[in-house]
Amino acid sequence: MTHKLSADNLTLIRGERCLFSGLSFALQSGGLLILEGRNGCGKTSLIRAVAGLLSLEEGTVCWDDVPVGKQRQAFHGKLVWLAHRTGLKGDLTLVENLGFERSLRAHSRRDPEEVYERLGISRLKKLILRSLSAGQQRRVALARMLLADVPLWFMDEPFTNLDREGRALVMELVEAHCTDGGLCVMAAHQDVEIDAPTTRVKIR
Amino acid sequence: MNEPAREIPGIFAGLVATARRDLLLAWKRPGDVLNPLFFFAMVCTLFPLAVGPTAEQLEFSGPGVIWVAALLATLLSLNSLFLSDFEDGSLDQLLVSPQPLPALVLGKTLAHWLTAGLPLVLVSPVLAITYRMPFSVVGVMMLTLSLGTVSLSLLGSIGAALTVGLHRGTALLSLLILPLAMPVMILGANAVSLAAHGDVYTTGVWALGAYAAGSVSLAPYATAAALRISNE
Amino acid sequence: MWKWFHQLASPPHFYRLSAILSPWLAIPGLALIAYSTWQGLFVVPMDYQQGDAFRIIYVHVPTAYLSMMAYTIMATAGAVGLIWRIKLAHAVAAAAAPIGAAFTFLSLCTGSIWGRPMWGTWWEWGDPRMMSQLILLFLYFGYMALRGAIDDTAKADKAGAVLALVGIVNLVIVHFSVEWWSSLHQGQTVFRRGTMDAEMRLPLLLMILGFTLLFGSMLLRRIRTEVLYRERRTRWVREMILSPRGGS
């Protein structure tokens, strides 16, 4: 089953500032969308708006040609969002954190142990997150993303806090996701080398 | 992606999971639970010192003092309801969760009541006895307090959602919530007073029950809407 | 009908229309108030129980009535703004709040002045209406404080609307709980309103009408300011300010 994420004529005003206007894009299954632009130009805001967290001044976002506003719950069931802040609880262990996420979502076809292994965090399972380094916490957030097992990925600066090996891993994961028929929207100010049909949207 | 039907768990699962997570967090930081309790006990200590310790004064002011103290203690704990979630980004994750937000909010509020409201109810008899309240009245007080704190947690969640992420949120939260909470306190404290005088107090208890039922069914929607708004 | 509604809700159209409408509300309103003040002070006979003190109802009742009306307008406008995303509605809610708070404060003051000869005290905690009004004033304060604390206007609009809606549901409960509470503590002389003679009632009705018209005019003026501020970056405002006649 193929999916389609499309945005038509998006305009977003935050306070006094118009972040972008008349912005459109379309993304098919297997595609990667890279948002480019300076710091503070509205990449994060665009992701938040597409995810339905910000109300747009104008324009519509459609998932499989149905406006997102009309199927919010269903749309949220198809997406996972790797935000700037990890959204993980520092006082809970890795397993407790991911267990909570899992209980909200549809059954995942991925094996957690395999995912931990792949991300190199298997030996951190029993530790509380506060004791992990920023890069390790980032990997836990990536694990949550994989375990969600959904077609649409939103990644906001996924390379933050990661070492060279970690960055390569992220690109590898995105490539596999796209090959698998997934969609990925990524905000990045670094060079990205991912072998997937790529659309670039430049904000201002 | 070839997908077989993968059902998203029902709303009850989301409610329970959120409540469980918040309880787990409270378990790991017991201070957050204990501080409002100490506050509650201390406010109750202030009144005899300020007003006077005679038996008559204590019996007369007891229900009111305990209720006001409970209201203030609940208010104190409400500020943190969404704050840590807002700061570490988990609130954003809850907002894009496939679960309906009101259910998650109800789960969080349930956890808040279990960690902030219920302990007050359990501690209140000790304080009531120091205020020379007869045992028969203590039962009524615990009943009204448990119904009342449920409503306060739910009403407070609306205020906490509206003020999350704002500077000077605590003072603002009190300003928003206290007028809304006044009916709960009026009903609760007066029902206990009536019981203490041996009068019919059931009207107050029924009204509190109705208020609690009403807030369980309506407040989560208001809170969810408020959370979406404050997170824009 | 829908089209007409949308046209009305467009800021420039509303701005022009309200300029024409505002004096047409203010002038009859002031005339009615002047007439009923004269009637109330000099023509209507003295009350056989309360003497001249009762004459304050000619100010007290209209302010009390408008204090609640303003809250209703605020909550309704907030709901309209939330549901149909009409920006003008939010401007109405924002404009109504301070006027409503002012009327609530006035009704408390006049009630207190009236209470002095009636109850022998400036403030009677046992009176349910005074308590309800006081809580209403706190609700207004909360609403305005919330708006003031949020920098982003669009966000303040929506947050305020949610609060106003929660407040209006609660206001009904406040009313009933306070009634019940005061019925328990009725040791004091709770003052009861007797039936009114027609010659006393007519000036009161005219006064209420006059106050409502004045309130309408004040509300329109405040909405105009609010609209102008919110639309300050738009072309129509710039053109209007720069045009030779200036903003009329």
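Observations
For clarity, chains are labelled A, B and C in written order, and residue numbers in each chain start from 1.
Keep in mind that, in the parts below, contacts are C-beta pairs under 8 Å (C-beta built on N, C-alpha and C of every residue); 3 or more make two chains touch, one makes a residue touch a chain.
Because the structure is a prediction, the values reported are computed rather than measured.
Taking the mean of each chain's C-alpha atoms, the chain closest to the overall C-alpha centroid is B. Relative to the C-alpha centre of chain C, the farthest chain centre belongs to A. By count of C-beta pairs in contact, B-C exceeds the other of the chain pairs B-C and A-C.
Chain centres here are Cα averages; for chain A and chain B they lie 35 Å apart. Rounded to whole angstrom, the centroid-to-centroid distance between chain B and chain C, based on C-alpha atoms, equals 32 Å. Averaged C-alpha coordinates put the centre of chain A at 48 Å from the centre of chain C.
Touching of two or more other chains is recorded for residues 232 of chain B. Multi-chain contact residues of chain C (touching two or more other chains) are listed as 152, 154. Under the contact definition stated at the top, the residues of chain A that touch 2 or more other chains are 55. Of all the residues in chain C, the ones that touch chain A in their complex are 151-154, 233. Considering their complex, residues 1, 3, 29, 51-55, 73-74, 76-77, 79, 81, 83-92, 96, 100-101, 103-107, 151, 180-182 of chain A touch chain B. Residues 14-16, 55 of chain A are the ones that touch chain C when the two sit in their complex. On chain B, the positions that touch chain C within their shared complex are 155, 158, 162-163, 166-168, 172, 175-176, 178-180, 182-183, 186-187, 190, 193-194, 203-204, 207, 211, 218, 222, 225-226, 229-230, 232.
Those residues of chain B lying in contact with chain A across their complex are 1-3, 6-9, 13-14, 16-18, 20-21, 24-25, 28-29, 87-93, 95-100, 104, 228, 231-232.
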